[in-house]
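The data blocks that follow each hold one structure.
Same chain, two partners: chain A is paired with chain B first, then with chain C.
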Partner chain A sequence: MLVLIARRLLIVLPMLLVMSFLVFTLVELFPGDACLVKHEKSGNQEVIDACRVEHHLEGPFFERYFAFLGRASDGDFGDAMFKNESVAELIGSKLPATIELSLFALLIAFVLGTWIGTRSALKPGSWFDALGQIVSMAGVSIPVFWLGMMVMSLFAGEGDWFEVGAWGPEKIGPGIDYSTAFLMTESLVRLEFGAFLTALKYIVLPAFTLATIPLATITRMTRSSVLEEASKDYVTTARAKGLSERRVIRHHVRRNALIPVVTITGLQLGVLLSGAVLTERVFSWPGLGTEMVEAAGMRDYPVIMGCMLFFVIVFVVVNLIVDVLYLWIDPRMRTAAD
Partner chain B sequence: MRRIGSASVLLALLLGLGACGSKDGGGGNDHGIAIEPVRITLSYGNNSRPYMPSPSSVATQVAIALRDVGFDVTLDKKEWASYLQMVKNGEHQMALLGWSADYPDADNFLYVLLDKDNAVPGRANNISFYTSDEVHERLMAARNTHDRAERTRLYHEAQEIIFEDCPMIPLVYTEKAIAYRKGFGPLGVEAMSHPILRLVTEPVDGTLSYLRGQDSVRLDPGDVSDGESSKVIEQVFDTLLRFKPGTTEVEPSLAISWTSSEDKATWTFQIRPDVKFHDDSPVDGAAVVNAFERQRDPEHPHHFKDGAWEFWHGLFGFVKQVRLGAHPMEVVFELDGPAPPFFLGQLAQFSSSIPSKAALDKLGKDFRSNPVGSGPFKFVRWETGVSIHLARNDAYWDGAPKLASVVFRNSNDPTVRSRRLRTNKDADLIDNIDPETVPQLEQDGDIEVARMPGVNVGYLAMNTTKKPFDDKRVRQAVAYALNKARIIKLSYRGLAKQATTPVPPTLPGHNGSIVDRKRDAKKARELLRDAGFGKK
Partner chain C sequence: MRERAADIWKSIRRDRGAVIGLFLVLLVAGMALAAPLAPYGPKYSDPDDMRDHPLPPSSENWLGTDKDGFDVFSRLLWGSQLSLITGLAAIALALAIGVPMGALSGYAGGKVDSFFMRSVDIMLAFPSIVLAIAIATLFKVQSVLPIIVAVGVVNIPTIARQVRASVLQAKTQEYVVAARSMGFSPVRILFRHVLPNCMAPIIVVATLGIGWAILSAAGLNFLGLGPPEDEAEWGVMLQAGFKYIDSGKQWLLVPAGAAIAVTVLGFNLLGDGLRKALDPRAR
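Up next, the complex of A and B:
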């Protein structure tokens, strides 16, 4: 297994190189110029030139790319051009909100997906099965930006059901001195239930919207996996022993069936963290996605590069972890891997 | 087949009738002048600006009016950053843009938008690329005299030349509007700044929640260029001079008096005695010198290397040095030559705020998020992205404000801001109001709306270096084709005034005697025919 991890880690590096090159080229190809946006009213060439030099925008493409690589390898992604922060600080301050949103969405998708999937599999062809299929397919087909707007106008109009917009320590728990930016989690850990409830009001709508992306995958995986597992001999044996149907499903079928589902769910985390971009934008969620879209609009190159590469790393690492977990859960895979 | 045929004949008939029926006509023969379609592209950016909240709507109105006189208009909507690059490079034929004043003087509009110095591709603010020497001479002459009558004369002449040459068509001066909850006030719209919160007398000891579009970027007055930062800075800092509420005139603030040398190249300011910064350090000549020298001198310890210092570069390039005068409460500005006549106005805008030197020494770059000034409100804390908290400065030299505290919050959706004001959700005062929601707010019994023409102009620029706009007659034809009143009604919901010259009427130097071209389709066609676009 260690060999596998080492092998995978070795791939990460060239992958990051390739990705960084792709992203750098893409950003380069954008029309527009951050320094013109930043100094929109200034007709002063010195100001614009100084800005371009400061943010490493002057010089031949490859020279700048390798200089970027050099700085990046020292962990220096530069300073955001429109904020008084370094890119690293910016990612650090915006990431918690994105993580909480993604994990909460994943939780919703997992609970809902496995429930729908299991029930569908137990009665294939039933109305519930059909409905489950429709719901999950609708979830994956409807674009999140549209769904987000619909959900907002339905549940967060004039009424007080849910809150929409950027949460913040002020809004969630005035008076609480938060030490992290994981506002919901920290409220719960501190047993501040009022604040936790307010946080829920903020997070439920975007999380539900975001959850529709992995929901279909999880539902279908659960369904086919349970179907497959339920037709195996040991299940027949268990039934023959006279175990109750409930026990057969809960203790035997579901446990085994969930292994691939867990893997799939884990894989979705990478998709979610990056897929949150649209959802965050629609709900003005104060996370990394919103930040990245804003940065793209203003051509804040350091932030765009930093966020994109960060998402690449997250994706690679999450995949690696899932693979390792998979090996760990199912020993048969180990020999196959070696 | 037959049915389709007859249907299209019917359609053509209807269209024909419609054209004959309409007053200005689209048919082309009503005025006896047939025009070959003049192909042009109208470019505009996708984002809402104070001088043009809905550019798409304005572009559509312009295109409709132009098509009517024989132009074949293609609309080219561009994402903001790309758009900015395109117009500054001069790659457009015709473009929509605007300007908001940095200092209250006709120079800030005419020199920036129409002088040949600013028509350099790549960084042009003069995106008509208009290079009239007649205009340039007058603008330079006006810069070099402090004689009010003479300056007015020069600016009036420049505006007349510009009007005749028609390199751009000023469309509107937008009104600034704020809305606030009854029980707060008095609050008014300021020409050159944001609402002045020290003037709010009701409620006594209350907290005002100011809901605006976005969070501030940084709170270092010398190195800021965005409105959301200056909005806060204006409450925390004082300037040497300040604008009289509701006007563009200046009055003493931290400077109690000033004199200038004969040649207007040396200016001496007396600093108000016994004023303290919020950190208890004294406001003295050294602090004032520091405030300007740190912007001017790249080697100054408080001139942070990553700063842009944009306002200094843009406005104070003529300052040679700022130094202490004969005594510690006297400050001298030494200039390259005679001060431009708008020098004092520049000293009243926020980038000329005086920060505490002691705090800058102590905090360094962290000053940006922990500002210390001498203004009516003290900075308390800043939750990035969420809120900025200020508290009353009880020791304020001009009398402590009545409000106990001010909280700035943000929501980037104007309809959300209006809704939160109406439902009293952390919002007592909102700005940048969506024109659509103004009627709704004005009807609300608990809300007051204050309006005032802003010091800005939204305009249609024609690239005079590109065909067909290199011909003055074509540009004038465009002016005769437009219907500004309609644009104001449909695209600004009435929240704007019709513009005749690039200089807004709130500024001295505005030429009010120019009579705007009225919409006249016939005249437009004649001009196009004379320019060689008549049908052979």
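Up next, the complex of A and C:
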């Protein structure tokens, strides 16, 4: 199994390399010039040239790409052009919010989706099944940003329980000295339940909104997977042994049926991150997506590049984890891959 | 062929979801065709009108007006044209590149296959919106064109993979072996014999792709990467309406979003229905 993981890791590195080149090239091709925009008023050519040198925009393409790679491997992604921050700091403060939002949404979708899917499969054709199918159809058809707006105008008025907007350490837990930007997780780990509850007030609406996207796929997948498993011989045997229906479903059917669902859940991450960009925008969530869209509008090259790269890295790493998880859940895969 | 078409039609007619899907798609197509009959133009405002817009729905403006004094109902109708054009054009672009790519990959195999499939893998390793935002930013113009290209390109991998899988399967069929033994050129075999037999899954993927393309395009437009803010486009209308979210002006938010949802739902239901009709195993 270790060999398998090592092999997967070996594929990831060149892939990241190719993707970093692609990202670099794309950003290079963006029209407009942030240095010109930034120093437009002064109109001083020397200032503009100095800005171009400072942000590594002068010189031959490949030379700059390799210099960029060298700096990036040291964790230096340059400085933001319109903010007084380095890109690494910026990403360090924004990425955690995106990760917490995405994972929380994925958790909601997984719990709800497997529950709805299992119940639907056990009584195909029932009203619950019909409801489940409507929910999953709606999940892939309703624009997530619009759903967010509707949810917001319904549940986030004045005097409502939920909070909307950018959370921050001072809003979540005044007086707590957070050492990371994973505000919700850190509040929970530090057993600061008041702060955790406040964090929940902020995250619940965007997370449920975002969850509708993977929820659809997970529900569908669970339903068909449970249906397939339930018709197998070992399930009949389990029933024949006189096991309670509850036990048959929980211990026999569900375990096997969830294997493909786990894979699907992992693969949903790409869609989820895409949805996260839109959801963040609607809920003014202080994450990487909001940052990237703003930077793209201003042509803030270092920031766009950093954000794109980190979206890619998160995506690739999670896919790697899913692959490993898959080997761990389903022993058959191990022998098949050896 | 005609018998087959009749068979498919019969299967769709029996499938409630597919019928609803077809109805919704026809409804939106009808909206697009009827747009010139709308009460007002997409960017019409009365120059003598001094009232404070946006105004709530009234007998004059069925769905109210937006901040420029434009009639929301009329813009909703006009917007269906842009949405359909965007979705269809994006998928046409994805098909134009994805089909030859997948077909060559599947039919030629070897190095060609490896090269195309690795390219597809790399594209799939980007969260689609990240790639789409980057591509849309490449354009200087503020219009639907960047959006069409971005969404189209992002859709290539799905199409290419589906076509490759179908071609791989069709390639081993007897009629292909027969065509080869008759000395036909590979290009002729691929385009005259193999591809026509792969049409069914391509149609399904394309139909579902149109829904997805309209949804993604609306998202990109909402982010402000597409046409300017006064364009009669559903995503753009939502972007403009979003500024009024706290003031309860629901007519700026509900109609445009519902229109997107209904359109996408239509294509998704129709696509699912087609899949069931074309692939008897999925029934």
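Convention: the second predicted complex is superposed on the first by the 326 of 338 C-alpha atoms of A that agree within 3 Å, B and C clash if a C-alpha of one lies under 4 Å from a C-alpha of the other, contacts with A are read in each partner's own complex, and residues count from 1 in each chain.
One rule holds in what follows: a contact is a pair of C-beta atoms (placed from the backbone, for glycine too) under 8 Å apart; a residue touches a chain by one contact, two chains touch by 3 or more.
Here the structure is a predicted model, which is why all the values come from computation and not from measurement.
Colleague: Check the residue A:Leu22 against both partner chains and state whether it touches chain B (first), chain C (second), both, or neither.
Modeller: In the superposition, A:Leu22 contacts chain C only.
Colleague: So, A:Ser284: does it touch chain B (first), chain C (second), both, or neither?
Modeller: Only chain B is touched by A:Ser284; chain C is not.
Colleague: So in the superposed three-chain picture, is A:Val47 touching just chain B, just chain C, both, or none of them (first/second/both/neither)?
Modeller: In the superposed model, A:Val47 contacts chain B only, not chain C.
Colleague: Counting only touches as set out at the top, which of chain B and chain C does A:Gly297 meet: first, second, both, neither?
Modeller: both
Colleague: Per the contact definition in the header, classify A:Leu57: touching chain B only (first), chain C only (second), both, or neither.
Modeller: Neither: A:Leu57 stays clear of chain B and chain C.
Colleague: A:Pro31 in the overlay: touching chain B, chain C, both, or neither? Say first, second, both or neither.
Modeller: In the superposition, A:Pro31 contacts both chain B and chain C.
Colleague: Of the partners chain B and chain C, which touch A:Ala88 in the superposed model: first, second, both, neither?
Modeller: Neither partner.
Colleague: Once the structures are superposed on A, label A:Val135 by its partner contacts, choosing first (chain B), second (chain C), both or neither.
Modeller: neither
Colleague: Taking the superposition on A as described, I'd like to know which of chain B and chain C A:Lys171 touches: first, second, both or neither.
Modeller: After superposing on A, A:Lys171 lies in contact with chain B but is clear of chain C.
Colleague: So which bits of chain A does chain B touch that chain C touches too?
Modeller: The answer is residues 30-32, 297 of chain A.
Colleague: If you look only at chain A, which of its residues touch chain C in the complex?
Modeller: 15, 18-19, 22-23, 26-27, 29-32, 137-138, 140-147, 149-150, 152-153, 269-271, 273-274, 277-278, 281-282, 292-293, 296-297, 304, 308, 311-312, 315-316, 319
Colleague: In their complex, what parts of chain B are in touch with chain A?
Modeller: 79-86, 88, 99, 102, 112, 118, 120, 122-125, 217-218, 225, 306, 308, 310, 313-314, 368-369, 383-387, 409, 411-413, 416, 419, 423
Colleague: Residue numbers of chain A touching chain B in their complex, please.
Modeller: 30-34, 36-48, 50-51, 54, 79, 82-84, 93, 158, 164-166, 168-171, 284, 286, 297-299
Colleague: Which residues of chain C touch chain A once you look at their complex with the stated criterion?
Modeller: Going by the criterion above, the answer is residues 17, 121-122, 124-130, 133-135, 137-140, 211, 215, 218-219, 222-225, 235, 238, 242, 245, 248, 250, 253-254, 256-257, 260-261, 264-265, 268-269.
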